[in-house]
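Across the two complexes that follow, subunit A remains constant while its partner is subunit B and subsequently subunit C.
Up next is the complex of A and B:
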């Protein structure tokens, strides 16, 4: 392929990537150093509502000739990041070691970071192990059973995440079917949504249930490429089932395990659906949810785009950091090969 | 191409079943749209407007998140928007809704003066209902136990304790305590109930004080009598708990009152009565805020479209329409519409409950309350820590916007 043809092929997708990925990324990064400010003045204002007329001093934004609020974009350096990370509160918390964890959990960013990292790291091994077990199990089924089993197994992955989360919430909420049933069985009050740790467990469980089918499908495909001669040879050498798995199958699937891990870490670090679906924000928040919370306008139409951008940038950096060990391993293997 | 679009639109219009009868007395030919909140009263108005033709209403419980951007577009995405005390403030400040003085003069002879929302003489919205959270209680249960209707929150706690001991319902209380906007509203109601300003004269926060602590402690004490999952309860959840006889008292929106007697979904028809919102302390005003709902017309549309919109608006809120549903809301109408469910809100207003403040400041504090009070109710922080965190969050956001230096 000559150079010209190469660029004709790559050009359009390169253009799209710059326009739709690189551009917005740079935009977010720039906005994380800015704030949009209006100027306010205090005026005497007469207003009438069904509850009567009042005249009072009101703080209102100054508008231009077109009647629109005049906003100026202020370059604020690291202010948005500083507000987000809340250094003074962190120092306060650390000055009091016995109480530090509780106090850190009151700062939204650190609270969100704690949950997000736990969520990603706890679900990862569960997804890999359960996905692999499922693939091994389905692989031993007879041909007639395989198709239907694979279809049923995939269902959790097909369901829209928010819908799935809502369904689980309705099962487990105060008077939901499962809770009511368990209460009758155990003769005990159960309130799954009344404390943080139960909600956290449900969110972890839900994500594992939702993503295992993805790992399963990938691993199942991988299993079809394991050379049967190798397994037979291992059997003749006296390898047990566990040894075959440990020394033949897993090494063969390793590239796929790394692939699933990468995708899962990236996905789970952006956890958001669960927080919304379970109405969990009173107990647990994630970094992605924090960004969203800054972005949506409050009752008076204010929003914090600067802090939302800073939070988004830190989330991206977090994803890169959490992927480094995996990427480094892959890179080393590539070099050895 | 154009014919294709019209065909599709027509098919769509025909495909959407409309429960509205042909109530409209005009034939509207200008395509019009409206974005509004989503509850029964809005559906009634939206249906009536639909019967005028060429009208499409979007009912959305999250309308407040979309309304600013929708009207800032030119031309605006909607010709009309539903507004309330607080959502109107930023729209007026940003010049996104048009003064209606001329249209009111020309077409609005039937409107009451109290329906005209004005700012410095400009009519910026037409209101048609008022709303407030007020006490709804199971009269049968209070009767059986020989209890009086509580007038203050300390009395609510006493009554709740008695109901709890009686075991007549699962939980004595239910409330709109969901983390976020709902809980923020509860805090605003309770704090203003102590009649202390929330901000200093120079827009600094003023909630980390005795009254702030008292308000939080009262919210927590109320929570003790609720379903332990109360931090995820919104208005609909609270309404359902009452309807299913799982709670005996609530401080809930007037627009939800009629649902208590809706035989299709309620098990407590005829058993729920209404009273003023309880006061924070004996002798105080009812600890609730008064809201109005209305409709504004976008600034960024043509004058012809605005005129058509105003005529359709009047059709949607006319007496003939609203009087068919007297209990769906507390309607503002000429002639007046009497309703059995209005007593709670009327008593609250008569008791001196304040209107929800319409300012740029309140939204920030409302948000901060909804975000930091859950940790206090969970037992993770003290009241002072939660209030300090709210003040910090307020200062950060107010500085960002340029409200304070």
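Up next is the complex of A and C:
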């Protein structure tokens, strides 16, 4: 294919990506150094009392024809970042090691970072191990059972994330059926939505439930390509079941395990729908939720675009760190191909 | 598909525990979703009862409103069996639409699914209520005529008719349809171009697309909001369509590219030797064999647009809102149990189409998921 035709084919897609992905990224970077401030003007106010009138000067926001306060954009340097990272509070917290974690959790950004990273790192091993176990187990089923099993397994994966989170929430909220069951089992009152750690637990549980099918499908497809001669050879050499799994199957699936891990890290770092579905924002927030929250208009209809942009830029730095190994891998593979 | 044969020869204890694992997982996978469906047809007092059998049986719902009699349940089960038989006999029923190997052609496949859907719909929605009521009238005091399970559709009526949820359905359909159509059109062109070009620049486009795929959507929306508000695009559905298309592009071109790479390039080259232009070769020779790949990619575009919460919640409001953000309006105020049940009915309604999607396209979804991973 010559260059001219190539550009004609790729052009529309490239145009969309440049205008609507690369463009906004530059915009976000610029906005993160700006703030919207209300414009003020000085007016003379005459206030009259029975004893005569006095005029005094007052500063009031300028309102436009629609009654809204007119804002102007000002450059604020690193102010947005400083406000988010809140250096003095961090220093205070660190000066007091016994209480540092609790104090850091008071600062939204560090709280969000803590939750996001925990979320990604705790769900990762669970997803990989459960996905692998499930793939091995389904592989031993009879052919007739495999189709329906895969069908049911896919359901948690395709369900709308917010709805999936709501589904789990309704099982636990108030005297939901599972909370009631737990209460009977443990003989004590349980309120799953009254403290942060139970909500966090439910969010982790939801995400594992949602992603295990993805890991399962990939590993199951990978299992179909394990050379049976290698397993037979290992059997003849007297390898136990565990040794076969450890030395033949897992190494064969290793590229897929790496692939699923990276996709999962990337996606769980963007955790957001859980916070909405579980209405968790009073107890736990994530980085993406932090940005979202700044973008929601406050009572007077203002959005903190500057803060949101700074938070978005900081979130992106994390994505780049996660992406480096994936990029290096793809780089090597594509170079060889 | 030859699985590792040794794994099949498991000793009893291993086999049993692996079957138990699958059974437990299936229960966990289906339970939250099935429970939503059960709750959605009960009155609040039953739906939020702490006893599992009260929720399933719905005694209060049965006493106050009624429900399904043994006749109704038997007719429903018959409908399901009949539907399953019609579906599994599709190759026999639609022989005229099959090719020489006995596989159905596209027309036959569509016809067979329509028949399946029709059987299920007529059986469950027309035959069951009519015949059920007729049988109950015949033996008004017979034990089979008494309601067995309490059930009511009042929450669905409240959501769809009283709360006008169909407005949000229209918005969702418009946005989802637009995103799928535009994504596939420009994605297929780009995917084909990238599959047939092995140069530095093609490689870099793919790498950058990979980075774009990882970006949090809130980051991008932060960039859109100020100019969109300035230009009056806030609250416009086509703006959301364009944004979702762009967000979806990196994934679409990666997936379609890997499908196009599987089509031998000798095909289009032969067509071009015969005098076709590149575009003609693409449209008349390559696209006809690419439909499985396009359908699979389309499914994932559909899910991205249909499931989106964040973009629609930030760029749309009120009447222009799609279904998923609209459901959260039930939680913004002090919610009564009835509000909660209406939200549950709305959630079930939103999940219905996705359920059918997996039912029909299971194979394509699995192939789409493994496309990137197994083939590299």
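Keep this in mind: the second predicted complex is superposed on the first by the 274 of 337 C-alpha atoms of A that agree within 3 Å, B and C clash if a C-alpha of one lies under 4 Å from a C-alpha of the other, contacts with A are read in each partner's own complex, and residues count from 1 in each chain.
Going forward, a residue touches a chain if its C-beta (ideal position, glycine included) is under 8 Å from a C-beta of that chain, and two chains touch if they have at least 3 such contacts.
From a predicted model like this one, the values you see are computed outputs, not experimental measurements.
> Pick one for A:224: touches subunit B only (first), subunit C only (second), both, or neither.
A:224 contacts subunit C only, not subunit B.
> Tell me the contact category for A:279 with respect to subunit B and subunit C: first, second, both or neither.
both
> For A:28 in the superposed arrangement: first (subunit B), second (subunit C), both or neither?
A:28: touches subunit C, not subunit B.
> Identify the partner contact of A:45: answer first if only subunit B is touched, second if only subunit C is, both if each is, neither if none is.
A:45 contacts subunit B only, not subunit C.
> So, does A:105 touch the first partner subunit B, the second partner subunit C, both, or neither?
A:105 sits against subunit B, while subunit C stays out of touch.
> Check whether A:191 is in contact with subunit B, with subunit C, with both or with neither, and answer first, second, both or neither.
A:191: touches subunit B, not subunit C.
> When the two structures are overlaid on chain A, which partner does A:158 contact: first (subunit B), second (subunit C), both, or neither?
A:158 contacts subunit C only, not subunit B.
> By the touch definition at the top of the document, which applies to A:232: first (subunit B), second (subunit C), both, or neither?
Only subunit C is touched by A:232; subunit B is not.
> Could you figure out whether subunit B or subunit C reaches more residues of subunit A?
The larger set of subunit A residues in touch belongs to C.
> Contacts for A:175 in the overlay, against subunit B (first) and subunit C (second): which applies, first, second, both or neither?
After superposing on A, A:175 lies in contact with both subunit B and subunit C.
> Which parts of subunit A are in contact with subunit B and also with subunit C?
Shared contact residues on subunit A (touching subunit B in one complex, subunit C in the other): 174-175, 279, 296.
> Note which residues of subunit A are touching subunit C in the complex, please.
The contact residues of subunit A facing subunit C are 1, 5-6, 8-10, 12-14, 16-17, 19-21, 23-28, 31, 133-134, 136-141, 147, 149-156, 158-164, 166-168, 170-171, 174-177, 180-181, 209, 212-214, 217-218, 221-226, 228, 231-232, 235, 241, 244, 249, 256, 259-260, 266, 269-270, 272-273, 276, 279, 287-289, 291-292, 295-296, 303, 305, 308-309, 312-313, 315-316, 319-320, 322-323, 326-327, 330-331, 333-334.
> Taking the complex as given, what residues does subunit A use to touch subunit B?
Within the complex, subunit A touches subunit B at residues 35-40, 45-51, 53, 58-61, 63, 66-69, 83, 89, 102, 105-106, 108, 173-175, 191-196, 278-283, 293, 296-302, 304, 306-307.
> Would you tell me which residues of subunit B are touching subunit A in their complex?
It is residues 64-65, 68, 85-87, 89-91, 93-95, 114-121, 127, 130, 178-181, 183-184, 203, 227-229, 231-232, 246, 290, 292, 299, 332, 349, 355, 358-364, 366-367, 371-372, 374-375, 377-378, 380-381, 385, 389, 392, 396-397, 400-403 of subunit B that touch subunit A.
> Mind listing the subunit C positions that touch subunit A in their complex?
Those in contact with subunit A are residues 1-8, 10, 14-15, 18-19, 21-22, 25-26, 28-33, 35-36, 39, 48, 50-52, 55, 185-187, 189-190, 192-194, 196-197, 199, 202-203, 205-227, 242-243, 245-247, 249-250, 253, 278, 282, 303, 306-307, 309-310, 313-314, 324, 327-328, 331, 340, 343-344, 347, 350-351, 354-355, 357-359, 362, 365-366, 369-370, 372-374, 376.
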